[in-house]
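Look at the two complexes coming up: chain A is in both, with chain B in one and chain C in the other.
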Partner chain A sequence: MLPAIIILGSLGLLFGAGLYIASRVFHVNIDPRIERVESALPGANCGACGLAGCGGFARAIVHGSADVTGCIPGGESIAHLIADIMGVKAKEIDKHVAVLHCGGRDVANRFEYVGIRTCNAATLFQGGPKACLYGCIGFGDCAIACPFGAITMVDDFPVVDETKCTSCGKCVDACPKDLYDLRSFKKLVHVACRSHDTGKVTRSVCKVGCIACKKCEIVCQFDAIHVEDNLAVMDYEKCTSCGKCVAECPTNTILNFREERKAKGLWPVKTVAHSSPL
Partner chain B sequence: MSYILLFISIVLINNFVLAKFLGLCPFIGVSKRRHEALGMGYAVIFVMAMASAATWVAYHFLLAPTDANLFFRFWGQGKAPADFDFTYLQTIVFILVIATLVQLVEMFLMKMVPPLYKSLGIYLPLITTNCAVLGVALLNIKDFNSLLPTESFLKTVLQGFGGGVGFLLVLFLMSGIRERLERAAIPPALKGVPIAFICAALLALAFMGFVGLTH
Partner chain C sequence: MKTFKKGGVHPPDMKERTRDIPIADFPAPESVSIPMAQHFGSPAICIVGAGDKVLKGQLIGKADGRMSANVHSSVSGKVLRIEEKFTPQGKPCKTVVIENDRENRWAEGVPCTRDWQKMSPEEIVAAVTDAGVVGMGGAAFPAGVKLTPPHDKPVDTAILNGVECEPYLTIDHRLMVERAGEVIGGLSIIVKAVGAKRAVVGIESNKPEAYESMCKAAGGKIEIEMLDVKYPQGAEKQLINALTGREVPPGKLPFDVGVVVHNVGTAWAIFNAVTKCMPLIERPLTVSGDAIERPANLIVPIGTPVGSVIEHCGLDPKVKKILSGGPMMGVAIADSAIPVVKGTSGILALKKIPRDISGPCIRCGRCIQVCPLGGIASEMARAIEAGALVDYEHLHVFDCMECGACSFVCPAGRNLVQYVRQAKEEAAYRRELHRKQQKKP
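Take a look at the complex of A and B:
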C-alpha cells in the first residue's frame, strides 16, 4: 500500500511539475489578430484560399504568407475588413466565377443507367451514360457540392447563378468530367465544350460541340483562340471578349455572356471605391 | 535476424488491429479519408516508439524486482530485489507515463517543429488513451522481460515502432476501402459503419494468412 502511494504520488508530482515547466519552456505566443481575422472570415472552411480552413487562412494572413484578398467567397467586403485589422490597404480583387465548359443539353444516352444517380458514380461505369464522353452527365454533383446554392439543375443540366457564385471552386473538384473552371468576371467569352473527339464524332452526338473547324482561330485578331487536339481553347491572357469568334462559330459552341450579365445588372463591373484607415 | 522476424511479425502476423484487436476506435473513427489515416498512422508510430522506450525505463528502474530497481539501489541494504516487486502497478504507471509523454511531445512539437505539429497535432491527443499504445507497452514487458537489458530495450523500441507501422498499414488499407465503399451500391441498412465492420473482418481474415509466413 505505502510503496504504491509513494511511487504513484511521486511520479504524479514529478510529471505534473515536468509538464508545468515544459509548458513554460515551450510556450507559444499566439497573435491576438489571428482570432480577429478568423472571426471576420465567412467561416465556411471551403478551402478556396488554398489553405486548411478559415483558421489556417487567418494564421497565414497574420504571418504574412497570405494576401488579405485571399478569401475568394468573402470578396471585397471581407478583404477590406481584414485589411483594417492588419492595417494594410487591400488591393482591388479580380472577381471570378465558375464557368461550365459544356453546352450539351440534348446529348442522347448510349445506354440506360440505373446505378447511383451521381455523376461520380456514373463516370466509374463506362464513363457515364451520355453519348459524349467529355460532356455533362447531368446528375448534379456540382449543384450538391455548391455550398452557396449558386448551381441549380434545370432539365438535368446545371445553370450557374453568377450573382451567388463566390468562386470557391467546390464544383471544379466535384465534376468528374472536369467541366468547370474559375474564370475572371471580366472575361465574357467562353468555349462551352470540352470534347477532344474529332469534328465528325462530336457532330454526331452533340449539336453545340466544338467541331474544330478553326473558324474562330482565323477570325480572332488577338491570337487568343486556338484549336488544340480538336478543341478550341481560349487564351484568357489575350482575349479581349470582343465576341467575333462567337459570331463566327457555326455550332454556337462559343458563348458570349455579355448580354446575360447586362440583363442581370452584373455588367459592367462596378468597382467600389473604398478607403481603409491606415 | 530475430529483429527482422520480430518486425515482420508485429507488422503483419500479430498486427495490433487485426490480430490483437487493439486500437479499434481510431481504426473505425479515422479511416474515412486516406489523408487523415496517414496523419493518424504517423502519429501512432511516433507515440508507440516513444512510449515503448519510456515505459521500459519506468518498468526497469521503478517497478521490476531486479538489481536495476532504484528503490533497491537506495534502500535495499540487506534485502533481496524481490522485496521491491512493484509490477502490480505497471498498468496505472504506464498510463501515467504515456499520457505525460504525449502531452510533452505535443508541447515540444508545437514550439520546435511546427510543420510536424501541423500534420500530427490534432491526432496526438487522440492517442493519449489509445489502448494499442498501452497494449504495446504491456506486451513488451511480457515478451522481453527475460532478455538482457540491452536486447530487451532494443526489441521493445522495435516492437513499438513496428506496431505503429502495422497500425498505419491497416489504417491506410481500410481508408482506401472505405473511400471506395462510399461510391458502391450498398444496402441502406449496411451503409456506413456496419459495412466498414464487415470489411474489417474480411481484412482480418486476409491478414490471418500471414501466419503462414512463420512456417
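Take a look at the complex of A and C:
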C-alpha cells in the first residue's frame, strides 16, 4: 500500500514539476487585448473585413495591420468598443447597405427551365429563363448567401431587410447578374435597373425597366444622373437624394428609400453613444 | 468487334424513323440570319453592312486569326441589318440578316472545278480554310487547323468518324449511303494534306448499309471498320482508342498520338471546298423526334431559322422540347428564330420528356461506371451543391467532354452535366484570379 502511494505520489510531483517548467519555458506572450477584441466582435466569421474570421481580425487589430472600423457588420457600436480597448479614437463610419438594382418582380419566363434551381446554374443556360437577360432570376442565391438573414424571397423576388443588413458583401458576390451593390446609407435614391437593352425591348419585357427616356437626366439640378448605353446611371458623389428624378421617371424605375427607412426607424441616422469597454 | 475500353451507355437508338429517308434539299428561306460565331475560337469579323448586296457564297465574315473561320452568305440578296442575336449555345454574337432575292446568283469563282490530286498540301489547306470549313460533328473546330499538325507531332493515321452515336441522328449514315464517293474523296484529300500513312473509317454496327456503301467506294488502301454500338463511341478520344488502341493523355490532343479525326460530314464539306471551291454555306442534318410529323434528312442553308425547318416537317402542338443536336449532348432552344449554323447536326422536337426528379446523390456509383473518363461527375456535383471550396482543376474537370452518360444513368435524376459546367466556370474563374494575383507586385 505504502510503496504504491509513494511511487504514484512522486510521479505526480515529477509530472507536475515538468508541466510547471514547460509552462514557463514554452510560454507564449499573447497580448490580452486580442481576446478582449475578439469577444467584442459579432462572431459571425463572415469575412467582410477581408481577414480569416473574427479571430484573424482581432489579431490584425492588435498588431496594427487593420483599422478599428474594419468590422463592417459590427458597424459603429463595435468600432467604438474596439477603439476603447485599443485606446484610440474611431473615425466616423459611413454605414453602407446592400441595394438591389432591379425591380423586375413580374418579368415573365422565356421558357420553362428544368435544371438546378440556383441563379448561378440557371444563368449558365442561355442567360437564364427570364425574358430580361439583365434582371433577377429569382432562385435566391443571394438569400442563401446572406449570413445575417437579411434577404428573404417574396414571390420569387429578393427583399433586403435594412435593419439586418450589415453590408458584408456576400450577396454582391453571389448574384450572377451583378445586381447588388453596397451603397452608403446616406444615399436614398437608387436606379432599380441594370438593363442595357433599348427602351423598346426593355418595355416589352418589364413594366419597371429603364427605357432611357432621359427625363431624369433633364430634371436633375445636380448633374448626378445620366443615361449611358440605354440605362440611367447614378453618380453618387453628386446625388443629394432630393428625389426629383424619382417623381419624373415615367416607369417607376428609380426608387426613393426615404419613406421606407423612416417607417422602420432607420432614418434619420442616429449616432450610437458608445459605452466604456468591458 | 472493336470498342473503347472504359465506360459507355446504351441509349435506344431511335433511328428507325429516318434511317431510310434519302437526303432532300431544303427550299431556301425568305431570309437568313448568319452569326459570326458558329465555330470554336474567335468570332469572325463582319465585313458587310446594312444595305449591301451580297452573292451566294460571298465572304461576309473574315476569320479573326488562326483559331477562327470565314463565314459566307448562303443566299444572294440584300443585307437587311446587323444585330446581336443568340446562337443555339445561348451566347450573343453579331448576326447578319440577309433577305433572299431567290435569284441564286453565285459569287465570283464559285463553283469551280479543281483536281485535288494536282494540289499541294498547302494549297489544300488554304482551300479548306478559305471555305470556312469547320467540324460538322457538332464541335465546329476550324478544319484548316486540324489539317496542319505541328512539325514535332507528325500524323500517321487519319480517321473518319462515321459512328453517329447520338440517338435519332441519321444524317451521317445517309451521307455514307448516298454520297460515299464524296466522303471517301474527302478522306483522300485529308490523307494528302496531313501526310498520313493509314486511313480508317469507323462505323457503328447499326449502320450495315453505310458500311457496305463505304466499302464499295473505298477500294484498296482505305480501311472501313465496324464498331460495337455504344455511346459515346463517336467521341474523338474513344474512337481513337477503339480503332488504334492508342490513348490520348488528359489535356492533350489527337495530334499527340499521331492521329487526326474528322467527321464524315466534314470530309464531305472538305471535298466540296477543295474540288469545287464551295464555301460552307449549307448543312446536312436530321429532323426527327416524336413531335415531328414528317421526319427527314435535309441539306439546309446556313442561317435558316430553326422554326422554318420544323414547320416544313410538321410540328405536333403537344411539343415540349426542341433540341439543336442530339438528345444526349444537344442544347434545348427556346426561340424558333435561332438559325441553323455550321454545327447544327440535328433538330429534334419531343413530346415525351423525362420527369424532372433532381434528388440527392444516393452514392450508387453508376455515373462512375459509365463515365468514359473514369468518373468525375458525382464528386463535382456534391461539391458544387454544398458550395464547397474545391480545386476542380486538379480533379480534371476540364477533361470532361459533357457527353451526358452520367446524367443518363443517374437514378436520382441529378443534372450532373450542369453541375460539371458550373465546376468548369468555378475552375476557370479561379484560374483567372490566380493569374491576376501572380501579376500583382
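Definition applied: the second predicted complex is superposed on the first by the 240 of 278 C-alpha atoms of A that agree within 3 Å, B and C clash if a C-alpha of one lies under 4 Å from a C-alpha of the other, contacts with A are read in each partner's own complex, and residues count from 1 in each chain.
One rule holds for everything that comes next: contacts are C-beta pairs under 8 Å (C-beta built on N, C-alpha and C of every residue); 3 or more make two chains touch, one makes a residue touch a chain.
Since the model is a prediction, treat every value here as computed from it, not as a measurement.
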item	value
Partner chain(s) touched by A:F125 [first = chain B, second = chain C, both, neither]	second
Partner chain(s) touched by A:P3 [first = chain B, second = chain C, both, neither]	first
Which of chain B and chain C A:L19 touches, first, second, both or neither	first
Between chain B and chain C, more extensive residue contact with chain A	B
Touched partner set for A:V114, first chain B, second chain C, both or neither	second
Which superposed partner A:V28 touches (first chain B, second chain C, both, neither)	first
Partner chain in contact with A:A263 - chain B first, chain C second, else both or neither	neither
Doubly contacted chain A residues - partners chain C and chain B	115-116, 120-121, 124
Chain A residues within the chain C interface of the complex	110-111, 114-117, 120-121, 124-127
Residue ranges of chain C touching chain A (in the complex, touch as defined)	86, 89-90, 332, 334-335, 356, 358, 415, 418-419, 421-422, 425
Residues of chain A that touch chain B when the two form their complex	3-4, 7-8, 11-12, 15, 18-19, 22-23, 25-28, 115-116, 118, 120-121, 124
List of chain B residues in touch with chain A within their complex	58, 62-63, 71, 86, 88-89, 92-93, 96-97, 100, 103-104, 107-108, 110-112, 183, 185
